[in-house]
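The chains carry the letters A, B, C and D, assigned in the order they are written, with residues numbered from 1 in each.
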Amino acid sequence: MNKKIINVAIIGITGYGGLELLRLLYNHPAVHVVSIHNTSDHAEEISTTYPHLKSMYNLTPIPADPLHIMQSADVVFFSTSSGISKDMAQPFIEANFLVIDLSGDFRLNASEYATWYKKTPAPQHLLDQAKYSLADFYQNDSHYIANPGCYATATLLALAPLAQQGLLDEENIIIDAKSGMSGAGKSLTTSSHFINVNENFTMYKANHHQHIPEITQQLKQWQPNINHIQFTTSLLPINRGIFVSAYVKLHSELSADSLQKIYEDTYQNKPFIRVMTQDQLPNIKQVIGTNFADIGLTYNPDTKYLTIISVIDNMVKGAAGQAIQNMNHLFDLDETTGLELIAQYA
Amino acid sequence: MNKKIINVAIIGITGYGGLELLRLLYNHPAVHVVSIHNTSDHAEEISTTYPHLKSMYNLTPIPADPLHIMQSADVVFFSTSSGISKDMAQPFIEANFLVIDLSGDFRLNASEYATWYKKTPAPQHLLDQAKYSLADFYQNDSHYIANPGCYATATLLALAPLAQQGLLDEENIIIDAKSGMSGAGKSLTTSSHFINVNENFTMYKANHHQHIPEITQQLKQWQPNINHIQFTTSLLPINRGIFVSAYVKLHSELSADSLQKIYEDTYQNKPFIRVMTQDQLPNIKQVIGTNFADIGLTYNPDTKYLTIISVIDNMVKGAAGQAIQNMNHLFDLDETTGLELIAQYA
Amino acid sequence: MNKKIINVAIIGITGYGGLELLRLLYNHPAVHVVSIHNTSDHAEEISTTYPHLKSMYNLTPIPADPLHIMQSADVVFFSTSSGISKDMAQPFIEANFLVIDLSGDFRLNASEYATWYKKTPAPQHLLDQAKYSLADFYQNDSHYIANPGCYATATLLALAPLAQQGLLDEENIIIDAKSGMSGAGKSLTTSSHFINVNENFTMYKANHHQHIPEITQQLKQWQPNINHIQFTTSLLPINRGIFVSAYVKLHSELSADSLQKIYEDTYQNKPFIRVMTQDQLPNIKQVIGTNFADIGLTYNPDTKYLTIISVIDNMVKGAAGQAIQNMNHLFDLDETTGLELIAQYA
Amino acid sequence: MNKKIINVAIIGITGYGGLELLRLLYNHPAVHVVSIHNTSDHAEEISTTYPHLKSMYNLTPIPADPLHIMQSADVVFFSTSSGISKDMAQPFIEANFLVIDLSGDFRLNASEYATWYKKTPAPQHLLDQAKYSLADFYQNDSHYIANPGCYATATLLALAPLAQQGLLDEENIIIDAKSGMSGAGKSLTTSSHFINVNENFTMYKANHHQHIPEITQQLKQWQPNINHIQFTTSLLPINRGIFVSAYVKLHSELSADSLQKIYEDTYQNKPFIRVMTQDQLPNIKQVIGTNFADIGLTYNPDTKYLTIISVIDNMVKGAAGQAIQNMNHLFDLDETTGLELIAQYA
């Protein structure tokens, strides 16, 4: 392992993503967090706002001055809401400074971004510099990493082995995705009030979630005839975790054993993807707090539908953990560095 | 309303279904519960075992003697595990005594029952006397009501308007169903331990749930070319409620407005089915504690998939409430009698 | 039972209390809800805002015009935040019109109100017309009922049998009270965000809860030497329910049996108070959705502390249910009318 | 830090405590887990039984042979139910082999153990070799560490600063303690069924919890006139966490500031104890997954009661984490080694 310390700056520290970066980076052996930055004026010592950080971090958010960040840090994480990094990224991109962006601003082409986020996209010459990077299929060729969204990560990992071999029936890809509350962030809305979430289950943004174009864009790279997916998202009354149920048909009939083997082969050297034994399906709890994506398959010979279950922790594999995995790649560290975590069982 | 009092006996009082019957029947203006019966030897006063019944019921379970029940009651509810009523029902059936059976024993034909329940079915001449009765589509022609299962109820109500008109693409009916814990009953298993349910989400019995043949059997009556459905069931970390997400294609393309109208027309005179405004989807909380099934639709013109959401309280509409609705039919009462309940919002 | 229909108006319909009144009054055999009133301008049909009311209520909130209300209704419920009824109640009080006020505005004397609610109290001549009425100890002598607070109800019912006999050691009355989220209302705050409540437990307003003076004021009427109580409140990660743990010493030592008998005697003719068997303690679930207060005792001969557990549903016994019980008294109905409810066990 | 690797054996691997040891020891830089041992015959590869351990541990439980363990390991953890280690510990004790016992078998003297655990205690000469060790007040003088219980840890840390100075009014020490479900272990009982825990709150073992004598025994060492405490335990509907509310009076009146200072002084060099700012109270969430005990104080000048809140993760600080802290002491490691963990905020 490269023993040099990586100096890290984080922009957008008050959301769940930023806090999760702080939690995970604390135990990363090669990282030092040099500065944290708010996009608002709020400037209280971080452990005053968040008592769980008391005695662990003595940092106070400061304004995000790109020049200062580039002088003191080796890499900057954007853990901001959509619409922020597209306006702030320019000096970093022009200086070829390493950026890992957890927001959606650089994941889509300009037209898709405008359609799905209903905001003006980043200028094209900046978008051209960014690379969408599903960390488990990482190919290093950019200074600007667009870190995938949580639903997109779980869905793409569920479908990758089949799409990469062009096996999916492109008209019948049905994704029923569910997420815990943290995926929706800290904003105070009726839909995040405890009473409306607890003992409830709600579908939201059916066919309208902004991760849809992100998924189809990547699937298309693997299997070009895929133009759309049937994709719905629902809110689970839990804090963390994504459970993706994918129901797919294949162009040619394959045995359950063959399908299982395709998944095992695709993921055999990927330390964060654990393929379950055939017909065994993973549950959310087994990955919470970790960077694992656990995947299970079961085939129905009557309906010809294959059910693929993919579970991740939306805050780790779906955000901060994958971002650190991408950082490890950028710095030629073992990709598991700082991310060897076991779920709390009880 | 017929002012005669209906004397009710309940067999199988220690499970959730029996307790829910007691809860609902307490406020039924035409019912008196004359006796409760255990299938085990346990014979403690019911409010000692269940303090929530204190001061409301002074009943002690007694052995289920058919002759005695037929002398003292007008109708008997079986709220027993599968495998009980098939052996106990004979004297009631032969006497043409009214029975409402909440268990699965008389829902399927003999061969399907043997396959899915892995038990010896009831004799054919008894099965012939029973009638599967989805209460909202009730047709009175039997003394023995096989009350539908919870998942089956939610799924059939979601699909009925399309199936009844033969509109479903029979090869692409995908049901992703989720239920709260009470659906699985009181037995103490690893999968019902709090730690394994709370903050978790688990798929179980994928393609193997015993409600599958019950659903296809009824769908087939409406649309004969339906032979199978893609059906999975998952456990939500909540006490009550079923949320069915159905993804279906249609044989001919219909506008979203036409689809909405088909549902509104089918359910316009059915007091317990509430069709939501187009593109508005119901959540579980709005039906908990009630006999409502709330249904919402949203159509995706890109994928040609219609998403149908159906929510019920598995203990009420999915069990005891529907059983009482069926009882109301048998006694020519208004079907809403005793069932006009509003969900607790908070 | 008096068969005359009571026409009810409700002011403050958008909070949990108002919705719970609607839920309970729907099945009250002697009540018709004639109008609902908002204190804001919002005027959408109520079942549009709250889909769980669809097909049950066709009401749209209108401005609260006292003259109009007094012409069309027999009684008005205030289910408003603190600070509203003190300003709106005057015309009702001056007309001797029946008011049941679920808010805190008329529970305290002017000086205590100013101190604990940090608001200008109602004028003294109006306060003089109001009567604080713990429904289970109701004495009819006012047109204006100040309905007790939820914590106050649970605590007073726990202590009443001892205080009424002057038995409490007034320096060692320790109340550790816990409530589900609905007690805090619908406002969107960091502390009501799902993530901050779920899998958490938080003490708030320690020694500062506004129900403290309400409790001591009533205790003092029973046992005049009581001047203060040690009282803390915590938030349980559940929707409903209050669990009061009271730890008290007595002036003279009494046997556990004698203590049990004092409670059984005090509550023997009170249909909503269920005293558990000695050393058996109630849990929250057994009263949810009902107007019961369940009370259990256990005495520790080593420490000389008696533990008293009192559980209620904060929305029913602690708000809307008790208000209806008070209404039943005002109209000389059996106090259980419309309130004979059994908790959902599962 | 001593770079020698500590070889660890764990007896009792199927309970939550053993699994938590595996989780935490995985990232302990000086530990290698050499063997795990069941007390039953079950011998499946651990990650088959517990999929969350897949790819992290390749261990299969083997019978616990003391000689073999002493040859291959440097220390053994007992993470067994009560009644096991008292029978199995003898060869380890007689060989002066290092043992850290998470069970209750060696925490009490023989007579107290017999009374509270209703089992035959370990022989006196073995009990004499064991040392009850609250890790934050560790004094190394034994090979056999009796690791404190979860409730005892939270309570003792709440009271230590006052007891150590003899300040507590010994007749009015009231502890209202609450715990998440994992504290009760994996056994399948009615009280661990999801339906009975979720949306509920239950007091259990009031005045009878086996941690009571453990607490009084330690308090007595600090303040000899303490003979009893008023102590109740309740079950929170969450997975993890203990929240202790202690209500105490003092012999002499001290200002709130002085009390705060006593706590800050006592804990100023103890890295795992975080004293909150005066009148700020910790919540459970801020310590989950960590070895911290967070403590907050608020004084009521009217009642003269001081409220002390102490929160811990029952599985970490209350079990496996404290055991590792004790192990770090035994091996002269920094006590925080492997335990520098930050709670998941969301």
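By our rule, a residue touches a chain if its C-beta (ideal position, glycine included) is under 8 Å from a C-beta of that chain, and two chains touch if they have at least 3 such contacts.
For reference, the UniProt names are A, B, C, D = N-acetyl-gamma-glutamyl-phosphate reductase.
Keep in mind the model is a prediction, meaning the values are calculated, not measured.
When the interfaces B-C and A-C are ranked by C-beta pairs in contact, the top one is B-C.
Using the average of C-alpha coordinates as each chain's centre, C ends up farthest from chain A.
For this pair, chain A with chain C, the centres built from the Cα atoms lie 46 Å apart.
With centres taken as mean Cα positions, chain B sits 40 Å from chain A. Separating the centre of chain B from that of chain C, both taken as means of CA atoms, is a distance of 36 Å. In chain D, the residues that reach two or more other chains under the touch definition are 16, 181-182, 186, 195, 199, 237-240, 285, 345-346. The residues of chain B lying in touch with chain A in their complex are 171-172, 174, 176, 178, 195-196, 198-203, 206-207, 227-230, 232, 234, 236-241, 243, 245, 247, 281, 283-285, 288, 298, 300, 302-305, 307, 309, 345-346. Within the complex formed with chain C, the chain B residues making contact are 16, 19-20, 22-23, 26-27, 50-56, 181-182, 186, 199, 239-240, 271, 274, 276, 280, 282, 285-287, 289-290, 294, 315, 340-346. Interface residues of chain B facing chain D in the complex, by the touch rule stated above, are 16, 181-182, 186, 188-190, 192-195, 197-199, 237-239.
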